[in-house]
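Multiple structures are listed underneath, in structure tokens.
Shared chain: subunit A. Partners: subunit B in the first complex, subunit C in the second.
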Partner chain A sequence: MNNVHQIPTRLLHILLVLALTVFGGFPIYWMATTALSLNSELYNSGQVPWPQLANLPSMIAELAQLPLMRWLMNTSIVAVGTTVLSLVLGALAGYSLSRFKFHGKGILGFLMFMTQVVPEALILVPLYAMFITLGLLNSLFGLVLANVGFSLPVAAFIIKGAIDAVPYEIEESAVIDNCPRISVLTMIILPIIAPSMAAAAVISFFAGWNEYLFAATFLMDRDLWPASVGLASFVGQYETPLSAVMAAALIFSLPAVVFFLLIQRKIVAGITAGAVKG
Partner chain B sequence: MPQITMKGVSKNFGDVTVIPQFDASIDDGEFLVLLGPSGCGKSTLLRMIAGLTGITSGTLGFDGEDVNEWTPSRRGVAFVFQSYALYPHMTVRENIAFPLLMDAFRKWHHIPLVSSVMRWKLMRRPDIVERTNQIAEQLELTPLMNRRPASLSGGQRQRVALARSLVRDPSLYLLDEPLSNLDAKLRTQMRSEISTLHQRVRKTFVYVTHDQVEAMTMATKIIVMNRGEIQQIGTPDEIYEHPANTFVARFVGAPPMNLLPVRQQGQQLTLEAGATFTHPGQLPADKELILGLRPERLRLQPAEQPGIPVEVSVVEKLGAEVILGCRVLHPGGGQSGDLLRQDLVFVRISGNPHVAIGTRASLGYDAAGVNWYSPQTGKALHPAAAPLLSCSA
Partner chain C sequence: MTEQTLLERPLAVPAYSARTSTARRRLNGLLPYAFVIPPALYLLVFMFWPLGKQIYLSLTRTRLANPNRSTFIGLRNYERLLDNPDFYTTLKITLIYSVMAVIVGVAVGLVAALALNRPFPGRTLVRGILLFGWAVPNVAAALVWLWIFNERSGILNTIVTGLGLERVSWLTSTEMALPSILLVTVWQVSPFVMLVMLAALQSVPEEVKEAAVVDGADKLNVFKSVTLPHILPTLQLVSLLVMVWSIRRFDIIYLLTGGGPVGSTSTLIVKLRQVAFENHDLGLSSAYGVVGLMLALSVAAIHALFNHRRQKMSSR
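Take a look at the complex of A and B:
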């Protein structure tokens, strides 16, 4: 009885997932085939729509000439730095916003929201001037700070929202058990809101990983470039070595995918945990 | 160990006054039960003693010292929350051991990351392991030690909450309805566990409940509250035998005390319904009175004998006893007018006698079992000849 109904539904599910996979996966597939094509093909006879594995050695040789490792390293420093700083400060800010009463709380929330309304490009020049004065120009740390300026408010709001949902009594119980405020936060609250922390981590990590505008403006040294700026530097006035760019881009996205897969479990676990909580 | 004194303690939430004025003292080693209907401020009072909620005015003292400004941890209390407040990300074992870990922590152990390492280490310290296991065994939690609160039933969670608060050695135990979610058997068992614990540790317990059986069986002293105000302070016997006012008389006891408005003429009492009977003892001076009689103080006798004329209209057989609900009869012989509005007079008879519905009878009682109340104030009145015999508060 049930099975008769289930078969078409299942089929529909499979078709839908398949369609989504093709839709989402095609650009990646195209990246891979482009990476395995010869530039001459790309610019003259048109692209072969399947990966030409025969070109793998030449692609690797081409990649070997780029400072890929250096760029990836820089990107990682920026992304991890942005994530760690956003989470640490975001946890403290989110906790205060959720639990303490203080003057100007409304204004503060509004200003934090405004940071998301203002486009990056708008504050690029003022920020540049400020960074000159502070000596933060041409440093990865400065870049991290600039990124945190944008990702921290988001992280803080996500964390505040999550802490709002944690009952006061749990915290009070810890206080009675002789637990100081800092440990209430690190040992009780943060583990409880781990799924939201993970969500905040994903957002700030990718903000740092993908960021281009600030990096291109604030970093002069080639050695400090993150991958986003490095890749863009290939886009030449006359010719762009498309296959190399695509190959590098592919490598560039791998760590991000791994990071997401690692943390995505946490987020999904959080969603289901909420569903059955009694 | 502290003697707790509350002087003029009051609590407002914004413009809402939850506790107008509270004066009481709790002796060292007392098992005090706060009894009252839902929303009367029991939890609020308990939270003020623990320091979780600020006091609007008045002073709270431990051994005479003003502790209004003390932090909860400085007060050294254990607290069982009405909502359990278990740590959802920790296993039962970690929940129970948490207070022990915190006691064993030095200041620098609270540095993030260091705290994780220290917790891991302390969870394996023999004395902590042993203490945790011992309390878990006492509360029958041993098979659940590695589960998380989300996978426990309400009663199991409640026992974990109890275990977590009992695992330490505080000077004051504050329990907010710790047994409300247990089944009858476990509740009885836990009741005696807690009573035994109290006997053994001889610490002060403040126990909130609206279950009178808990109050009666466990308390050395009861405070009955209503709308944030003290109705009566006394031992369980005093509260039961001599309620200070009609609220306490109705609130304590199941079925509650029978309260019959009467008018006195000499030794003759006339009920609202018109029935008249002779009171077998001393009467207070007032003309209008409320006659208070516990159901077990009433005797069912043949209709010819002197007493309150009634007709049995409800019979509840409880096995060891029978509860009768009776309607007072008119002098003419019929039932009094408005059937629905008239309260039943309850009679408790031990044993298992057969009483048919519709039986006409007379209810007799002894003067010693009577409590008098003023219809105007609801307060207890006392017959002139036996002054203050039943005074308690």
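Take a look at the complex of A and C:
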């Protein structure tokens, strides 16, 4: 009796997994397939629904027409800057929230939670006005400063959560020995929580890597465009070199996909921890 | 207390205790602030000052051409919102979009988590593929979905016409644009829901499930009376996150439809940008944004209230 029941459930399970895999994976498959198509096929004769490796040379030739290297260079600068600043400030905030009692601790926690609710677009115009005054408009450094406001709290929540799990006894003797607290943090605590620091680094890095709205608003100079703005400039254009654009989008996505898959569990823990505390 | 600390104490304390005077203790009291002030100041300057200024802008008449010259007009911009049918449409679209994103996104994510929670060959690979939508940058996602939705040569319409049906204007008709955007949104948020729910499902105690089976419960009953209550708090948290993210989402909507056609996908945040940069009206634009912020905050507040009540119930 039980066996008769089990076959349809197993079949249903397989079909469900199959459907989900198609839904989740198809857009990436299609990105690759489109990249390996000829533009004449895409716009006229119809797209071949599988990747044609024979078109790889023509795709590379077309890709060379896009300033992809410069875009990715700018993207990397923004991402690295966002990561460094987020980790330094996030470690300070995370350590204080975990270890210290101080006036305004609750307020700081609340404000950091607030940043996750505030839409980027809401502070866009005042930041723009402020950057004009400070001479930070049209500069990658200014873009980093804007990004860190959103990625610092996430990094801080992850780091706080990790430090909470470290027993205080480990740093106690160093504190009693009057070792400066900042050294306690950098030389004792941070090495212990290295995996969480790596997760915070990946999140900040890709927050900077993926960011679009600030970059599109603050950078007028085409030479400063990161890949997100460069690629988005093809949206709504006629005569897009579509296969090259898809290839570039794929290259732009690949690092994010690889790293997100590597640290998926840590990211989830960090984001939900920040939300729970609010 | 271990032997080691007993031995170390006498060495460490006398060496410094003479100098650990009141001055030093006062310095130690200030120590937390040396850590807290840099990040706190940073957030004040680059997040909350602009936010405050934006909220202030909503109380003024300010044009984009001259953003530093504002005339204070009190709540007039909000009165203008309430008199404007556009505002109600935008509010309605925001609510439909974010509620549907929660319902469909969380449902798909939960189903995916349940499907992946039982072993099958290639599970790790499938789990990786299901995460694509969450990992791919917004701009890249927008480009490929624009092509999938392309009216003339996109794959969706190739399939539709292959089935003998009429072409669908996925992103350019008022009926289809919002559902199309929701499809992309579900693709982007359901993997996150799946990850979180998978972690919650794996923490359901096996013994309780087994005990329920021994007591004669079938699979559906085990799910309803053991699994569901256990994962409910996580489900609620993840719904809150998806709701807040949907209210504040900008990139993907802006890139796919720009809020159109005829405002049919214009959420409060997309409208905020449009009124600022196309109508040059910073005051009114800010008012739209502030309403969006209030909406997101009230969702978070409702969640906090539920959480608080549940904690009180469980501590009793």
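Operating definition for what follows: the second predicted complex is superposed on the first by the 220 of 278 C-alpha atoms of A that agree within 3 Å, B and C clash if a C-alpha of one lies under 4 Å from a C-alpha of the other, contacts with A are read in each partner's own complex, and residues count from 1 in each chain.
Here is the rule we use: a contact is a pair of C-beta atoms (placed from the backbone, for glycine too) under 8 Å apart; a residue touches a chain by one contact, two chains touch by 3 or more.
All of these numbers come straight from a predicted model, not from anything done at the bench.
In the superposed model, A:Met187 makes contact with subunit B only, not with subunit C.
Of the two partner chains placed around the shared chain by superposition, subunit C is the only one that A:Phe252 touches, whereas subunit B remains out of contact.
Judged by the touch definition given at the top, the superposed model places A:Val117 against subunit C, while subunit B stays out of reach. Contact with subunit C, but none with subunit B, is seen for A:Gln47 once the two complexes are overlaid on the shared chain. In the superposition on chain A, A:Cys179 makes contact with subunit B only, not with subunit C. In the superposed model, A:Ala162 makes contact with neither subunit B nor subunit C. Counting the residues of subunit A that each partner touches, subunit B and subunit C differ, and the larger count belongs to C. When the shared chain is aligned, subunit B comes close enough to touch A:Ile170, but subunit C does not.
The residues of subunit A shared by its contacts with subunit B and with subunit C are 173, 176-178, 182, 276, 278. Within the complex, the subunit A residues that touch subunit C are 13-14, 16-17, 20-21, 23-25, 27-28, 30-31, 34, 42-43, 46-47, 49, 89-90, 92-93, 95-96, 100-102, 104, 108, 111-130, 145-146, 148-150, 152-153, 156, 173, 176-178, 181-182, 206, 209-210, 212-213, 227-228, 231-232, 234-235, 242, 245-246, 249-250, 252-253, 256-257, 260-261, 264-265, 268-269, 271-272, 275-276, 278. Those residues of subunit B that touch subunit A in the complex are listed here as 50, 52, 71-73, 77-79, 81, 83, 85-89, 98-99, 102-103, 105, 110, 112, 115, 119, 150, 154, 164, 168. On the side of subunit A, the complex with subunit B involves touching residues 167, 169-170, 172-180, 182-183, 186-188, 191-192, 194, 273, 276-278. On the side of subunit C, the complex with subunit A involves touching residues 5, 8-9, 12-13, 16, 31-33, 35-36, 38-40, 42-43, 46-51, 53-54, 57, 67-68, 108, 111-112, 115-116, 118, 120, 126, 128-148, 153, 155, 158, 187, 191-192, 195-196, 199, 237-238, 240-241, 244, 247-248, 250-251, 254-255, 269, 272-273, 276, 282, 285-286, 289-290, 292-293, 296-297, 300, 304.
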